[in-house]
Amino acid sequence: MLEVKDLHVTIEDKAILKGLDLTVNAGEVHAIMGPNGAGKSTLSAVIAGKDGYEVTQGTILFEGQDVLEMEIEERARAGLLLGFQYPIEIPGVKNIYLLKAALNAQRAARGEGEIPAPEFMKLVREKSAEMKMDPSFLQRAVNEGFSGGEKKRNEILQMLVLQPKLAMLDEIDSGLDIDAMKVVADGVNSLRSADRAILMVTHYQRLLNHIVPDRVHVLVDGRIVKSGDKDLALELEARGYEWVLEESVA
Amino acid sequence: MASEEMEQLVRREYKQGFVTDIESDTVPPGLDESTIAFISQKKGEPEWMLEWRLEAYYQWLKMTTPSWAHLEYPPIDYQAISYFSAPKKPEDRPQSLDEVDPKLLETYEKLGIPLHERAALAGVAVDAVFDSVSVTTTFKEKLHEAGVIFCSISEAIREYPELVRQYLGTVVPQADNYFAALNSAVFTDGSFVYVPEGVKCPMELSTYFRINAANTGQFERTLIVCDKRAQVSYLEGCTAPQRDENQLHAAVVELVALEDAYIKYSTVQNWYPGDENGKGGIYNFVTKRGDCRGDRSRISWTQVETGSAITWKYPSCMLRGKESVGEFYSVAVTNGRQQADTGTKMIHIGENTRSTIVAKGIAAGRSDQAYRGLVKIGPRAKGARNYTQCDSLLIGDQCGAHTFPYQEIGNSTATVEHEATTSKIADDQLFYCRARGIDEEDAVSMIVNGFCKDVFQELPMEFAVEAEALLNVTLEGSVG
Amino acid sequence: MSAAERFLQRLTARRADDPSWVAARRQAGAARFEAMGFPTRRDEHWKYTDVRRIAEGDFALASDVAFDAASFDALRLEIDAHRLVFVDGQFSATLSDLDALPTGVSVEPLSQAMVANHEAVGGSLGRLAGVDFSPFTALNTAFADEGAIIRLSAGTVVDKPIYLLMLSRAGSQPVMSHPRVLVEAGARTEATIIEHYAGEPEAANFTNVVTEVMLDRGAIIDHYKLQEAALTDLHVASIHVDQGRDSHFNSYNMNLGGALVRTDLVTDLNAEGAEAAYNGLFFVQGRQHVDNHTLVNHNAPRTFSNENYKGVLDDRSRGVFNGKVFVKKDAQQIEAYQNNANLLLSDRAEIDTKPELVIYADDVKCSHGATTGQLDEDAVYALRSRGIDEPMARALLTLAFVGEVMDKVRLNVIAERVERAVAGRLPERFNLADLVETAEAIQEA
């Protein structure tokens, strides 16, 4: 589904990713772990198309399409959705506007008509209940005045409504208490399916107790230096990142 | 006016007798063509200069005094002013510091002015009060090596007429406003600076060092031109209050920055503000404007205004060149009965031009002050940006502080931000300082200095230190 | 003949039956207007607004009140209210509905009040809006013969809004009207007053309205001015407010219509605890010109004001904002906040803004800000990363930009109307109107 090859990315001439390779197949859940500053968030931001990152080398293919040639919104409509680490507040734009506009844009890209209002209303009510969000959140401005946990739940709510093919979650666990973590994890787990992939970026292993990954990758200094199954995450938790680095150098 | 007519005019005026007076050092009060011709003659100016002055004079006659500023003062009788007087002869000046107003000396003391400089500032007729000859000589040699021209405007008109003619009045046209027109007609003093292409002026230039005239001219005219990639920092005035008998000051300053040039112009203005009732202070009506003519040029105005009874002053930038930058950093402090109406104009004409305005006003006593600014974004100024911050601090309940920012925005890609606050020194700030054992006056000056920090840090080092001392002197007696 | 004299000629014809006190007022207004003439751009208060379109116009006075029933229904607000309707400045009893007025409230057309109620009206009319305020208040004083006199006796809380609908007709001869609104709110009264300007498309009339609102101790008045007139209409308004102790005045000034619209809003906070909130919006397009001048006078200690004006300008429209906060000497411990934010959607639109502070007391908290710029690019990115294309993202954010003011609006019917108008004015394919409706439907469900 997603194929990243030899990806080199610089920010203001500073090299961040230095030849990253990653393949994610449908039905899989991948976790990318690594110390601070390794380039984890850069990877998801580049895939989503954020400005300010220069790809100097390498390719990103999503279902065979060249992602780097696509506009930001085209990527989203194709099913590539990023859950932000720090979701921005958009004063005045109601959540409900965002959801409906985004959903209709996706449908239009697939050649489908707009979602009928009653169907849409049913959908968002259902999904917000799943995320344990009061329907009044729908009428509030996007993330404005939300607590950290509410913002993260709101990100997952968007995923539930928009049903991406590849959901990327950037540090989705940061700033969450244990209850909120449970709600978010349940939301993410409900997204798991044979035709969908999930790519999580996280610093801590604890998220992976709730959302168990199929593959774990260690990103150090702009490259994936080690990959393994869920046990790798536990090992990292116990031993830190140093040994991986030493191993990879050796 | 054709030069023939001009000649006739000049000759006709000669007949009326002032030509016999040419040896005199002063003209009687009053202003007409003959006064102007006299000044021009006295300065040994070429004919085009006289013509230029007269053009300004005729425009001035048709103009009226501006009344829009937030100022109150009695009408000025322009016929009661003497427009030319040579520097006083040594025998007419105070012969020693004993003859100087003790209050003035007291202020010098507080400002930490070295003893040997005090006499010079007070206008005492002592030769070589400090080694001005050697200072100016070494100074001039260094500049000469670098190719920088720095001299009085009168000298420049004589020695570098082509340069002067090319730039004079191109930033502030003769008829720009009432006071600029008057200045253009009768200016007698001022500085000229030319920094050639690619040269970074090796030192900060200061009127303080241009010792040739101890008295500041009443109608100063300053012209600074920075050629491509050239840089200069110019300091106007000095921090000590100058003895000055002229009530009205109407100066004009023109700055021209060509491609990639950078002009930094700093002013500390501390003229006599008048007594407690506002009697006798200076009226300061100045037109200062910089023209960022070349791409990526930059002009930065920094001013600390603490003196004068009335200040009317808006150093401005015309941002013509692409990506050119205009800056205005200002501290204005008024006390007693002072009035100040000051601010800036940033006229964005070129693409991606940027401007920053930081204005801090402190009003104490029974003073009144206004920030008046214009940010104009022309239709072609794509991507232009302005940020304005203007804060006022009121000390006591008898003063006033006002903000009049005009914004005229005609381009959708421009970003213009203006923020302003007015407040007093918070009681808890004062309490905090006093609870640490600092007396109230010191606490106030500490807090006020902190309030002004953003501007002071733009001043050249030695100026900044003096500006802080000056602020304290100005605010003396404003608390309690 | 000067433009002023030409205007005043219309005055002589039909005023024979004025009571003497009204005749005297007219005379004073006419004399002052003639002396001042129409303002020019040399006048600082009119620096950015040229009124030649008015001065050079030829406007008759309307004499009938016929109005198409279908367009009346389309134009009026769907609201349960005490309603007075004026057609080209003339009172229409048939379109009005004043049946259910509760006790303690008196609402009457000015024409009736002037004849029947001299003592009550004569003393108050013009107390706040004198003939010296501007040439237009003088002109209004000379001509005013219709409008609304609203009086609330102490303690009255009016259940429903008092709704003044001013309709402008299209016709071969443009007309002028000079409505006058007077609101006297007694102590501890509460009411909502709506001035709604609407009309037939192509109407090219000149409306020159003066409103005076007096709030006694503890009164709370919400005042709406909804300007939805045709894009060819000319409109000058001044609203003068006088506030007593602990009173609250909330202004909602919504500008969507009109070719040339100038509104002056002046509030005097005269006693401790008085509080004024100004919420303003202008959304202009084509060659519309909208000028808002506001002034808050803090005349007493511990008074508060809060102002927020938002402008969105498209095409070749022009917006002017001049907000002034004045703090009188010894008016200590006041708080005044003022903000004006503008969004230019087109390179040919222009905004001239000037937020002023004039302060003579030291123990104050005053701040103002003015910003003009573009939409937050991070927000655009966030929306695009959800699959929303860029024009749509910008449309949504534009709607959000005005939303900050709309959120303050307490009458839903007006908030929705303005929001739909704004959504509808953005390019059609954005289809924001549909989004707005869905959101409303979900909220109501």
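For reference, chains read A, B and C in written order, and residue numbers begin at 1 within each chain.
We take it that a residue touches a chain if its C-beta (ideal position, glycine included) is under 8 Å from a C-beta of that chain, and two chains touch if they have at least 3 such contacts.
Note that the coordinates shown come from a computational prediction; the quantities given were computed from them, not determined experimentally.
J.: Where the centre of all protein Cα atoms falls, which chain's Cα centre is nearest to that point?
T.: C
J.: Measuring between Cα centroids, what's the chain most distant from chain C?
T.: A
J.: Using mean CA coordinates as chain centres, what's the gap between chain A and chain B in Å?
T.: 59
J.: Quick check: how many Å separate the C-alpha centres of chain B and chain C?
T.: Measuring from centre to centre gives 45 Å for this pair.
J.: From the C-alpha centre of chain A to that of chain C, how far is it in Å?
T.: Chain centroid spacing, chain A to chain C, equals 49 Å.
J.: Using the touch rule from the top, collect the residues of chain C that touch chain A in their complex.
T.: 376-379, 381-390, 392-393, 396-397, 399-404, 407, 432, 434-435, 437-439, 441-443, 445
J.: Please give the residue numbers of chain B that touch chain C in the complex, ascending.
T.: Interface residues on chain B, with respect to chain C: 68, 379, 392, 394-424.
J.: Which residues, counting only chain C, touch chain B once they are in their complex?
T.: The touching residues are 44, 48, 329-330, 332, 342, 344-374.
J.: Touching chain C in the complex: which residues of chain A?
T.: These residues of chain A touch chain C: 48-51, 71-73, 75-77, 81-82, 84, 87-88, 90-94, 96-98, 100-102, 105-106, 109, 114, 117, 120-121, 124, 135, 138-139, 141-142, 158, 162.
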